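Take a look at the structures below.
Next come two complexes built around subunit A: one with subunit B, the other with subunit C.
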Partner chain A sequence: MKRSRLTDYILLLPAFIYVSLFLSFTLFMMISQSFGLFSLLGETEGFTLQYWKSAMIQESFDSFFYSMKIGLVSSTLVVVIAYPIALILNQEIRGARIVGSLIKIPYFINAMVAAFLIINIIAYHGFLNQFLMFLGFIDEPLRMRNDDFGTGVIVIQVWKNIPFALLIITASIAGVSKDVIDAAKDLRAGPVRIFFSIYLPLTISGAVTAHILLFIMIFGDFAIYSVAGPIYPQSLTARMQLIVSNFLQWEEASVLATVLIISVIVVASTLTFISKKYIGIYEKVGYAEIKKD
Partner chain B sequence: MQKLKKISIVLFVVFCLIQLLWIGAPVFMAVLWSLVDVDTPWSYPDMFPKKLSFSQWSYAWNHTNLKRAMVTSYTVATLTSFFTLLISLPTSYILGRKKPRGKRFIETVLLLPIVLPGMVIALFVGRIFTSIGLVQSMGGIVLGHILLGIPYMTRLLTSSFESIPQDVLDAAQDLGTGRIRMIFKIYFPMIRLGFIAGTIFVFIKSIEEFNLSFILGLPTYETIPTMLYTYLGYNFHRTYASIISLILTVPNLIILLLIEQKIKTSLTPRSAAGKG
Partner chain C sequence: MSKLKVSNLVKRFGSFTAVNKADFEVEAGTLVTLLGPSGCGKTTLLRSIAGFYCPDEGSIFFDGVKVDNIPPSRRNTSMCFQSYALFPHMSVWKNIAFGLENQKVPKAEIIERVAEVLRVVNLTGLEDRKPSQLSGGQQQRVALARALVTRPDIILFDEPLSNLDAKMRDQVRIEIRELQLSLGLTAVYVTHDQAEALSISDRIIVINEGKIQQAGAPQEIYDNPVNSFVAQFLGSANIHEGAVFEHMPDFTVIDSPLGRIRVPKNSLSPGSRVKFCWRPERTEFKIDPEHNVIKGNVIRRVFMGNLLEVFFTVNNQPVKVQAPCWIPDEKELSFSLSPESFILLKE
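Up next is the complex of A and B:
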């Protein structure tokens, strides 16, 4: 018995060791280099905070806030759009399956290709601008690609990421037991009530999971920024890449990378915390209404 | 209730139309751009190109790095999916059948490569590889791609292993089936779908991977996505970009839509459905 346990653990190792070695090395390098330690190529000069100081310049802050803004705005938009779609697709309507497949297409499209597909539409003389001018809504084309706010990037992120959000949210909506809904209907709960007292509390954690994962992906985006983003500020990862490839300042890049990972963790835990709080509230509302009845 | 049903059907139809435009228009534009004739440019204020031909396709095929990039991409992807499968099989077997202690923790760690920002991983993996001489080499690119393949592969294989009913295994064991026979007669046929789906999925993810190939491969090894990057960035060329986009996307899309059902059932994070 004991021997087979041991074999089990040995068999468990390959993929686990591969991933954990790679990631721990990478993260270790990242953090230690930001303090001037373990420089693999240049000279190591010992623990110092100098790189944290020199990385904290206006450009870095601008990049940070740009990425944060795009990340929060796009991920929120995606969830807000995907949630009702998931509810619609959950209804048993003929054709829902086909539309379900169609809607998944952007998930299988490479981020850069997605960016390219969309900039063809929203470019200065692109399809959308010409169409809007043809209809007479605008007099001159709107600048949506490489604009200062990042509209183009947000549009692309939304286009690309809706299927991913759907995948998670649909799963959590499908997990709501049909019996519960039927019971609520028998007790003459209206659709609004069913939504707020059953669907929302039961599926909000799925939606929040989607929100967090989306935020992480969008916050660390490089490809879409580089195709459609504003010229300045750059996204955090694009700035990192630039610092490394043009100036070989690995230490500053490590600082930015560390900041990136930390902010991902902070935002993820904040969102989880908020959602936990709200789930509590919805449950209370639900119970109160049940008691009232 | 009847009224609600009607409203939802109307909503559904509107939604379908929007969906068609939302997905169809961008793809249509890319196809159109790739077919613009060399001699008759398509520019403002024409709504549509004046003449369509395949001339740009043949030019891109014959006179750019496209062929070489495709060979690199497909070689890397083949090697990646093979080795990812090899590494993931034992781990997924234990995760799916034996329910070891700390299963959730291990599964979370295995997911991390696709959760952490790709460019951060790519840059620092590149840094480490530079110091051990693995940068600018096929081996380095494949090693990096395996890291990103493992999350998908282990997830798909684990759920396949989980779905084998214990009764079947017990029955076979009671009848005195040997180990090797068990593997070929029971395990393999039953995880076949996950096996195929995992391999294809990792293959496609590897072909689409940009960050790692960009940091580890350029300028020696150009893959399809890094080539697209040059045509979208400092070498902006809309027609070539369209051609490369289509070459990169269309085969993958067809394959993925075919195996989509299988992937959907096992790639959906189970934790997402219930707990946060």
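Up next is the complex of A and C:
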């Protein structure tokens, strides 16, 4: 029986309401507030760029670059570490299943608890510093927690997020047929060629999806920054919280939130573009292109 | 092309023996089929030849050279997979050129050889298509082209037609055979389809439960199966047990559920238990009194277009025969079987 168009619309309605109410509407409100409209305090003064001007001060730029740095470095490190682990765990190795399950444990640990766990290792008098001093690599402890660069935050983010990346990347790698890999071996491809010509193009979209989701989570981090982050600069979200709680400046916080959203879109688009370029090397090169050379 | 020798090969997975002392040769330029039911070990054997599995015992030789420790990438075999295993992100051209690029063949030669093999498999013009844009038959031909273009010593087919519809299967099967003959390729072909095996092979190796049951030319195996498994797996057969009654100058008489019948002369002593079979198509309905005449009750007739399949019981023993469509529609019928129709089985 053919379904009527009206039935189609009714079936789409729940998803449409969700998108309109919780996404489009809230985004619209947030962007509007950054321009002085629909004030949460009830006094709407009309369209103005005043909050954008007042938000664009050195502290905000420092927070932006700090969050961007932590977001990009941590998410890239997570993917770079998780990808080979997922690739190895996908092979027929005895015990790979158990190790694959154990490695996902950090995912079930709350971010705040994870931060406290890792701080035990990276603290000034923590295990890592003691161990490095014992080995004679350093004379005095390194400052890895609350350091200016954010080393502590990066270590915690990586530890906490590798399982999440593994979930996505492992599924992506498991989707590559074993026959396809065997066919490549049969056609005299070595491990390096198989990795770059088969595995990577077929799984890069999974890796990039993981990278984008990780970046979104880490770029917007508040909890781990507040335990292990530097005193200055603050993360972008911590600065938003400060602006609202100390100064009740919802409009300025909306400016930073808008910047945060736009940054995520730009980074996600860039990563997608790069991955598509890579896949394109294999997808588009056909007979016509080869003949042209 | 190379001569292949598999010598006493054993492959185990834990306590399960997938291949048990497989021993056979494939002459250069011939096509040999490994035929058997699912799980009999034929694909394991093929993958061992390709180098994907390392034998637990025994060895594999290409032209007398032991290849046990040579990885698949250096064996110069090419495999056509059941799933085709085409690289989904690459064009037809890229898929076929992949092996040549790995062999560091100069670009100009790659272009020439890919064009040539595309002509051979009749895919010229589809170079820039993706595997997902091709039909099953076209995908199979790309897999074939990809395997052929590297000019392997031995080409291996792992149930290459099982994902095609019946019509396409016949067409691609003929194409594979013609290519194998015209290019003089040494080929090992795995299938569970007896009709496919009979029509494509120079030799058939029948496998069951990891063991080779019989090897030989298609007609030779069909006409002289050594045991009830081969008789039933390769074609259709009625199998009975009986005892040797007496030896006559030209034949032996056996007491069987079909009655006292004459079978080809053998050396078994009178009273010995014997297992024998006969093919349904050997039944004669124009009764020859010189032959064994058997009377049975018709249970069911199945119209097959050009003939009838008739299911009888003879002395409570089920029997299947092929009959011409003109036989009378009666509940009790007689047919005759020449002594040569009966084949004595070893087990």
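Here is the rule we use: the second predicted complex is superposed on the first by the 258 of 293 C-alpha atoms of A that agree within 3 Å, B and C clash if a C-alpha of one lies under 4 Å from a C-alpha of the other, contacts with A are read in each partner's own complex, and residues count from 1 in each chain.
The working rule: contacts are C-beta pairs under 8 Å (C-beta built on N, C-alpha and C of every residue); 3 or more make two chains touch, one makes a residue touch a chain.
This is a predicted model, so every value here is computed, not measured.
In the superposed pair of complexes, A:T209 makes contact with subunit B only, with no contact to subunit C. Put simply, more of the residues of subunit A are touched by B, taking subunit B and subunit C as the two choices.
After overlaying the two complexes on the shared chain, residue contacts for A:I261 are found with subunit B alone; subunit C is out of touch.
Once chain A of one complex is fitted onto chain A of the other, the partner contacts of A:P201 are limited to subunit C, with no touch recorded for subunit B. By the touch criterion defined above, A:L142 lies against neither subunit B nor subunit C after alignment on the C-alpha atoms of chain A.
With both structures placed on the common chain, the touch criterion links A:A184 to subunit C but leaves subunit B unconnected. When the two complexes are overlaid on their common chain A, residue A:I168 makes contact with subunit B while staying clear of subunit C.
Once chain A of one complex is fitted onto chain A of the other, the partner contacts of A:V73 are absent, as it touches neither subunit B nor subunit C. Per the touch definition, subunit B reaches subunit A in the complex via residues 4, 8-9, 11-12, 15-16, 19-20, 22-23, 25-27, 29-30, 33, 43-45, 47, 87-88, 90-95, 98, 100, 106, 109-110, 112-113, 115-121, 123-125, 127-128, 130-131, 146-147, 150-151, 153-154, 204, 208, 210-211, 225, 228-229, 232-233, 238, 241-242, 245, 248-249, 252-253, 256-257, 260, 264, 267-269, 271-276.
Interface residues of subunit A, counted against subunit B in their complex, comprise 8-9, 11-16, 18-20, 22-23, 25-27, 29-30, 33, 40-41, 85, 88, 91, 93, 95-96, 99, 101-106, 108-113, 115-118, 120-121, 125, 127, 130, 159, 167-168, 171-172, 174-175, 191, 205-206, 208-210, 213, 216-217, 219-220, 222-223, 226-227, 237, 240-241, 244, 250, 253-254, 257, 260-261, 264, 272, 275-276. Only residues 50, 52, 71-74, 77-79, 81-83, 85-94, 97-99, 102-103, 107, 110-111, 114, 127-128, 130, 146, 150 of subunit C touch subunit A when the two sit together in their complex.
Contacts from subunit A toward subunit C in the complex involve residues 177, 179-180, 182-190, 193, 197-198, 201-202, 279, 282-283, 285-288, 290-291, 293.
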